[in-house]
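Each chain gets a letter, A, B and C, in the order it is written, and its residues are counted from 1.
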Amino acid sequence: METILTLKDVTITYDKKPALEQVSLSFPKNRITAVIGPSGCGKTTLLRAMNRMLEEEPGAAVEGQILLNGDDVRKLPSEELRRRVGLVFQTPAPFPFSIYKNMTFALRYYGVQNQERLAALVREKLTLAGLYEEVKDRLDKSALKLSGGQQQRLCIARALTAEPEVLLLDEPCSALDIRSIEAIEAMLLKLKETYTIILVTHNIAQARRIADYTAFFNNGRLVEFGEKGALFLQPRHEETKAFLSGVYG
Amino acid sequence: MRKIGNALFPRLICLLTALTVLSLAFVLIFIVRESLPAFQEIAPTDFLLGQRWMPVDYGTGVSYGIGNYIAGTLYVSVVAIVLAVVVGVGTAVFLSCAVPETTRGLLCSMIDLLAGIPSVIYGFIGLCVLVPLFQRLRLSSSGHSVLAAAILLAVMLLPFLVSACCETMLAMRQRYLPAANALGVAYWHTVAHVILPLSARNILLSVVLAVGRAMGETMAVMMVMGNAGVFPSLLGKGETIASLIALEMGTAAVGSTHYHALYAAGLVLMGILLIINTGIALLRRRLLRMEG
Amino acid sequence: MKCKAFLVRSWAYLSMALVAAVILFLFGYVFVQGGPVITWEFFTASPSGSVLGSEGGIWPAIAGSLCFTATAVVLGGIPAIATALYLVFFCQSKLLRTVIQMVIQNIAGIPSIVLGLFAYSLLVRALGLGRCVLSAGVALAIMILPFIEVRAEKAFRELPPALTQSAYALGCSKSYTIWKIVLPACRGELVSGVILGACYAMGATAPLMFTGGVAYAAMPVSLTKPAMALPLHLYLLLAQGTSIPQAYGTAFVLMMVVLLSNFLAALYAKRRNRAWKQS
């Protein structure tokens, strides 16, 4: 199993209060890894540390090492890191522009000027996200007019325009209806061929459905990491068992 | 190209912010700089408390006492505040408790228009309407009076007072009305006995803020107050520090004592305002702490 | 007990009635008295007559006011928006933020006549610019700076953080995000704030009096020469007893500017709200 993102003894504190303690974990390349656990166990903090968005928050301190393909993320310029590690948020946040402009926003930043190339890339990423057919006739209309599920798929497509190696998703389906969830899950399964997906979800069934690997966190610690169904069928730790059977979380 | 922008932009923003902060420093520095020579020739106590302002020697000597002008500034501001509070708080009660939201929005926009009317126009209307009225009613011989100026000032302060008080009362209403209703208390009873008293603290804060604003007013007051450097009385004439400066800067020779004295008067005005502003800041902090 | 409730209620209604009457009177009086004076000639001609200003028009005053206001908006609006950007996006220290906000509050408290004194001392005298549009423009700029800054800061703070975070997550720099996302998104509020600030500057008399505003100036207006201004013109017409009808006309024009600015500003602010409500 080839790994792409590795955490070594990562401890994160907010104003001296620990949010994540001594986390050591390696995320496999081109696979979907689900991160599950009760609310407040540190899942979102984990994601934000991986693309260094945590630095923006006052009082946050990160210890330990995070390596992206062997590179220490703290030594990389934060913009390059965020290009290689994309993040999609819980509530869809399309820019108040047209769909087309949403998609070309990052591309233009990275210097792509050629109109044909832009159009081709937009089409490619929208197709990957399974959204192209639905919006191809209204690319110049406001992205805010799309439905919740469409907006979220647009945000994922938009994240792909930066050509990341890893895609982090923070509970992307929590505000969506079943149709949209199905569409997004189908999309993620296809995306893993090209990208590495790390998916934070509170929906255990979802993790069961699409994850190749699952990491269970509780109280800021990594409790268990298992392959495919192993974690769900034969959890090794008491805490995992309790969580899965709904005792808490 | 982008890299240059990324590096330059934050620096530019910081520079402009520093400029903003420095502007306050510059204003203070220059006003003080031009005021100091005055204090070398005039004793501060004479300046602040002296009641004779005679920059030109008409045979009785020269003196620079702005006591009457300080009194004038304070007097007209206080009277204006009293008038503004009486009408303004009542209006705020009406807006927060007597009308639905849409009407409130409309009325508030109308009242906000008052804030946009230039000071000169207030003075103009005061001159054309209030002053002759006062004359006709025999309230004052020339019509120019402190009261007329106070009325104009009060109208100018209204929009700020009304919007601040309205906001507070709306918050109080939202917080306490449901409970009062559940107890079966009549609506206006709640307004009179709960909402109004509880808003008193914030109203006081807005009032103090308004005093600061009133004292900085120049034009409207200047046009109807009479501009006589005497100790102010309600129906008599008076003059504010702002009017003094506005009227005499044109005729003061640069570098003369008169010139520096005018700057010193401006400094005194700023000093009084600074005290009021600091007072508000402390008061606000204490009030917030009391509310927990 | 019931008495107090009744008194409060009556007080409220009476106050509102009084305020409404005052507002209607103020605008009505100026429009009724000033209306007849407004002709095309009034707008486009220069003051004339045996006593200058008793006849003719106020075109130089209008042009002068526009120049003073434009200078004030550029010199004051840009630092104001920059300061707001700094406070919301770049400032890390809580202490510094409090200090800067206090500074802005204190600038707002400076009486406009004192700003005139400052500009006179620094620009007219020390820098040797003499009485001109630029000197007065600086005084006006400082006057409207806090006004615009407060509105800009409010607009930036109300922006959903998810928007800027999404841009950062794509690897875009803060500068790019501000330029391409924040400023366009807040455009309505910013424009509205600037329009109101401009209206405020246009009505100010005290800062101009000895820094750049004069009773009579030739056209065209330039930054390094003094100019006429509407509110100053009105004041001088009255102080020197030149012409009451002309004064009414000038007042009419000023009131129109106030009404128009407020209307435009409200319109622009509403436009921005619409974009947000959709999401």
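Basically, a contact is a pair of C-beta atoms (placed from the backbone, for glycine too) under 8 Å apart; a residue touches a chain by one contact, two chains touch by 3 or more.
Since this is a predicted model, take the numbers as computed values, not measurements.
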Using the touch rule from the top, point out the two chains with the most contacting C-beta pairs.
B-C
So, comparing each chain's Cα centre against the centre of all protein Cα atoms, which one is closest?
C
In terms of mean CA position, the chain most removed from chain A is B
Whole-Å distance, C-alpha centre of chain A to that of chain B, is 55
What whole-Å value do you get for the distance between chain A and chain C if each is reduced to the mean of its CA atoms?
47
Could you work out how far the Cα centre of chain B sits from that of chain C, in whole Å?
18
Where in chain A do residues touch at least two different other chains?
109
Of all the residues in chain B, which ones touch at least 2 other chains?
2
Each of the following residues of chain C touches two or more other chains, namely 173, 176
List the residues on chain A that touch chain C in their complex, please.
51, 53, 56, 58, 79-83, 86-89, 91, 93-96, 105-106, 109-110, 142, 144-145, 155, 158-159, 161-162
Of chain B, residues touching chain C in the complex
2, 5-6, 9-10, 12-14, 16-17, 19-21, 23-24, 26-27, 30-31, 33-34, 86-91, 93-95, 97-98, 107, 109-114, 116-121, 123-125, 127-129, 155, 158, 162, 186, 188-189, 191-193, 196, 212, 215-219, 223, 242, 245-246, 249-250, 254, 262-263, 266, 269-270, 273-274, 277, 281
For chain C, which residues count as touching chain A in their complex?
92, 160, 162-163, 165-173, 176, 180-181, 185, 275-276, 278-279
In their complex, what parts of chain C are in touch with chain B?
1-2, 4-9, 11-16, 18-20, 22-23, 26-27, 29-30, 78-80, 82-83, 85-87, 90, 99-100, 102-107, 109-118, 120-122, 125-126, 142, 145, 149, 173-176, 178-179, 196, 199-200, 202-206, 209-210, 231-232, 234-235, 238, 244, 247, 251, 254-255, 258-259, 261-262, 266
